[in-house]
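In what follows, chain A forms one complex with chain B and a second complex with chain C.
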Partner chain A sequence: MTSSAVPYNLNEIGKFFLLSGVWLGIIFGAVWAACWAVGMLVPQLILNAYPNDPCALNVANAIRLLTPLVGVMVFIPINAMYMVLAERRGLALFTVRKGPNRVGPDGFLQTAADAVKLLFKENINPHGGDVLMFTLAPIIFFAPSVFGAIPLLAAVTSNHDLFKIVNLPTGIFYVLAMSSIPVVGIVMGGWASNNKYSLVGGLRSAAQAISYEIPLVLAIITTCFLVGSLDVVNIAQMQKGTDNLASFGFLNWNFFGAGAIPHYLDLLMQGKLEGAQVVTSAFWSLALAFCCILLCGIYLTGACAEINRIPFDLPEAESELVSGYNTEYSGIRFAIFFLAEFTNLFIVSTVAVVMWFGGGATPFPGFLDANTFASIATPFNQALAQAGLPPLMDGQTMSGAFWAIFKTYALVYFAILVRGTLPRFRIDQLLDFGWKKLIPLSLILLLAVTYIRELV
Partner chain B sequence: MFALVGRSIESLYQVARGLKTVFKHTVRPPITKNFPDDMPDLPGHFRGRLALAVNPQTSEHLCISCLQCERVCPDKCIQITSHKSPETNKPELIEFKIDHGLCMFCGLCTEVCPTSCIINTNDFEMADYTRESLVYDLKRLTLSQDESAHYFAKKELPMPKPKPPKPAAKPAAPAAAAKPAEDKPEAKPEVKAEAKPQDLPAAPAPESPKKEEQ
Partner chain C sequence: MGDLSELATLASKHMETWLFYLVALITVPFAFGVLLDRNIIRAGFLLIGVFGGISALFLLLQAQFLAMAQLMIYAVGITLVVVIALMLTNPRMEEDKSPSIPAQKAPAALVGTLLFIALYMAILSEGWGNNSEALSPDNITIIGYSLLTHYALPFEFASILLLIALVGAVMLAKHDHFNSKADIDEIEEETKEISERNEHVVKV
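So, the complex of A and B:
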């Protein structure tokens, strides 16, 4: 064995981290550069060229408003390429294999090569299929994930000026509404393929999405209820921990009862609780935290089903339905389905991060926070300022984006681990689990949280 | 109700156990071999591509045209052409063809071969573009002296004794006299008797003694 010199497979793990680091650097850099160019550089150049011209001001503002869209459009393809590679390498680690390691140095370019290959493949229309619907299906599947991601941008960049525009007062509702559209695309694709397996896959997807949408939305609503806001930026910022015990770092996340535990600890330390109150208050705080952890679990389960990830990938069960709704797809239309699948995984993870894991907040106060990033950013900004260019980054936004991406990928890796572990559900077990277990549980939690939050 | 709670806790525990088990596999070194770079270390009795060995010491061809392999082959993928040598009065190999597209690598031919001439090599990369190119002729089948030595050592086969020098066997009588004294593999005389219907006159045209249907 080649790696016998290095114990415990550090070789392969190291390669995996190196690969992740390089790819994430590429993603981060590309998106950052694109946003900076569109949001700051181009408007400034226009304003410099035509000072005091109201028309130029309008044009500059219009271009600035495009920043979120450009950011998302740059982000999605590169991110999907990385996620496919990370999934394959991660699964290889879990199954004691090596994964793709041929294309480019150590397989770094495997998915780039795959993407190029897919784009150049022939677009085949199935015989007897509905060509218009067949073509529209991947677009309808993909587009909502682009639009759905946009309000989250404001949440993960600490409401940066350039992304303020995409923040809605009811942001989370918008995201949820968008995330339920893709199922229409799947059913359309299944129907238009003129293939019974695809149709069964599409219909299964509809049944599954309807069943699992309810616990998912109930879990999010319960959390919104607890926090008292539907605004994703608000929700993310409320979870921002401080170094004071009443809202200490990660304990302030919604995952641990929306600040119930640090609040209790604070009261306990200050000696404001007396007698039986010490016990009852602790009990209710823990109960609320427990409810929130369950809610997060319900959300992750429902999200897994919503985006057809492995334990719930019945719409594309390879062994039963060949590949379900995308059996007949090839070329760029298949590529779009593929892209959307991974983008959806990223988006549901981002929603979970914003709702339960503190958005862009650092888990430990003072650890890689805004100040650290500001000190990194200062030399760059000074250099750019000397060249007469707008500042490249500010610490607040960078810290937010860094932690949001870090946490999101932690959840994505968890999804990969789940994929490597759990077998696929049977369709009756799936519906049984959704309707008889998750929905009652989420309703009970809604009721429980309503009362407990008054008692804490 | 309590049974349900208990069951869900139990199932959550089991799922967590599964996740833990899978996660622990992360630290195990991969069992993957980088195939074209690291060739697998195959055992000597691996049944790969068939080949004809030569004597590792003298580089004589070991085949004595006994046709045992051709007869035993269940797929009938071996085709031997031989004729009776005018000089030694023994069968002499002209052409040896194996259709590897038909072969099922059962290894029966290697078992019956009295001189350990036909052997299974460790080569398994035989993919080709046409069926015709899967039919290996004598030239492609015959191993070099070094390769033969390698496989004889790896398979722990007994080293074949060298054939008697040909000039000595030229006259008919000395050849007949030398025959019992020869240290040829024992199978050879009896095979000859069996395989050769004795009705073939010495030194005919090479085609005529073609024994295709035994």
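So, the complex of A and C:
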């Protein structure tokens, strides 16, 4: 390696961070503005125009209820654009290339241009294919991810009033049920294409999704069982750390044994443990934390297989199947498949953040928490109040959203790193790994957690 | 503020009836499609619509857990297994154009009618335990408790049934090529033939 290689790459890493910052700013500015407009501004304008009118009140409330949907709808396309760009630039970093760098300033607009190109391409129906199913497949692949993501909004915005309605008592189960539907879209698209490669891709996807869904669901169930709730808002709030040692910051996350470690440290500091108890209690706490880390690992592995990412991207293995289930797709239908794939990556990362990494809680108490963001928000809110408009943001929601986004993208970058590092599995290795390793391991962990949580 | 409780009061009995008919209007054509579509794989995919409609009915009855389970297990899991089995047994994916056998029509109609009458009478019968009291918001907890206390035995039996099915499937799928002597002899002969042929090729 030449001596100039290292500073060159540092420069590229700097560009990558700049790109991420700019794009994330655009995404969340747009989503925040849309939610504010639909949830606060429009209802207020309606109520100002027709005061004391019960019908106007109903209309305003109905518009307010649409906020989560509008937020998700604005978020998904822009977010997918950013994620595709980040993935290409990230992979370029790992392989010491430059990545897309021509369109717009330093390639910032590459995926925007790609999206426009895809939208204007011709839709081609394959000869002898089933046109209706061929058209429906991308929709079935995409729609559930929109609806599935919605309850998570309540969890990551600290249960904001506007998003309260989307919080279901079945919470995480609803998310799982919704995220299991897209496989049907893949099989359908693969079959309707009337193409052997597509069909093999679709069948592989089904086999893979069915086998990896079991460890994935078992990992989530075990964590729900440890926490004692299915409600995503509850799960996120239970992990919220405080600054006293019994539930300190990030140690209180489910990733570290759902509060077992800080609880042990607290007991130790207060001197409530005697003799052998110091050791046994430490052992069981660490064992529980170890189980939780393994559960999170199983979940991430299963999720990788569910959303067909490398190393489990057999349904679209381009060296064997051209492009798998989406070989015959072009134009906007292909764009929808593409969009859904990246949205699914974002959603599984969000689920992991809510289940194991504390949702919207700060990792260190007092660091960029609700108070910090409240002080940032105050001047904006005051300026808007002078113009007679509703407040733009509050500290609690801001901090929740910021940290949830930060953690989610950390996991997304981890997925990109995995993609840049690992080779693709073979189909028999993949099924062996799922059925003979992951499923037994997750069953053992379910049993282990049952007993250990009584001993901690 | 539009709260869930407000929505619940909005959804009066009247509205529930309308929603029921709406769901039925969507589900019943799907069910007919499953029966009437000559393309058997498309019929398999139409099952998703039927199961989805049933899960919507569960949602109307405020049985959220059942609705989600229906969606996850039937609409996705079962349908996929059905469709894949169809694809593997009918690899040419042709439409089934063979005429139906007339001798089968009469018994089929009879069984269908009898089944319909039995289900209809069951639905009309008493003892469904109609009570109009509101469901508690955490009925998942209640389902969990009753599954592990009052209904523990049936629950366990269901799992044993599944285990038997799994073991049976493994036994059926396991091709033990080398369990009989005849098989081994056959394979040895084949390998001998192949090696002879290879030698011949090499000589040529």
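In this text, the second predicted complex is superposed on the first by the 449 of 456 C-alpha atoms of A that agree within 3 Å, B and C clash if a C-alpha of one lies under 4 Å from a C-alpha of the other, contacts with A are read in each partner's own complex, and residues count from 1 in each chain.
Keep in mind that, in the parts below, contacts are C-beta pairs under 8 Å (C-beta built on N, C-alpha and C of every residue); 3 or more make two chains touch, one makes a residue touch a chain.
Treat the numbers as computed from the prediction; the structure is a model and nothing was measured.
Engineer: After lining up the shared chain so the two structures overlap, which partner does A:K272 touch, if you call chain B first and chain C second: first, second, both or neither?
Structural biologist: Neither: A:K272 stays clear of chain B and chain C.
Engineer: Check whether A:S180 is in contact with chain B, with chain C, with both or with neither, and answer first, second, both or neither.
Structural biologist: Touch partner of A:S180: chain C, not chain B.
Engineer: Report for A:N11: first if it touches chain B alone, second if chain C alone, otherwise both or neither.
Structural biologist: First partner only, chain B.
Engineer: Is the number of chain A residues in contact higher for chain B or for chain C?
Structural biologist: For chain A, the partner with the higher number of touched residues is C.
Engineer: Quick check on the superposed pair: does A:L422 touch chain B, chain C, both, or neither? Answer first, second, both or neither.
Structural biologist: The answer is first: A:L422 touches chain B but not chain C.
Engineer: Counting only touches as set out at the top, which of chain B and chain C does A:M188 meet: first, second, both, neither?
Structural biologist: second
Engineer: When the two structures are overlaid on chain A, which partner does A:T170 contact: first (chain B), second (chain C), both, or neither?
Structural biologist: In the superposition, A:T170 touches chain C alone.
Engineer: Pick one for A:K121: touches chain B only (first), chain C only (second), both, or neither.
Structural biologist: After superposing on A, A:K121 lies clear of both chain B and chain C.
Engineer: Need the overlap of the two footprints on chain A, from chain B and from chain C, as residue ranges.
Structural biologist: none
Engineer: Which bits of chain B are touching chain A when the two form their complex?
Structural biologist: Interface residues on the chain B side: 8, 15, 18-19, 21-23, 25-32, 34, 38.
Engineer: Which part of chain A faces chain B closely enough to touch in the complex?
Structural biologist: Going through chain A, the ones touching chain B are 1-4, 8-9, 11-13, 92-98, 101, 417-418, 420-422, 437.
Engineer: For the complex, which residues does chain A have touching chain C?
Structural biologist: Listed in rising order, the residues are 61-62, 64-65, 130, 133, 161, 164-165, 168-170, 173-174, 176-178, 180-181, 183-184, 187-188, 191, 199, 203, 206-207, 209-210, 230.
Engineer: So in the complex, the part of chain C that touches chain A is made up of which residues?
Structural biologist: 1-4, 7, 39, 41-42, 45, 48, 64-65, 68-69, 71-72, 75-77, 79-81, 83-84, 87, 93, 137-140
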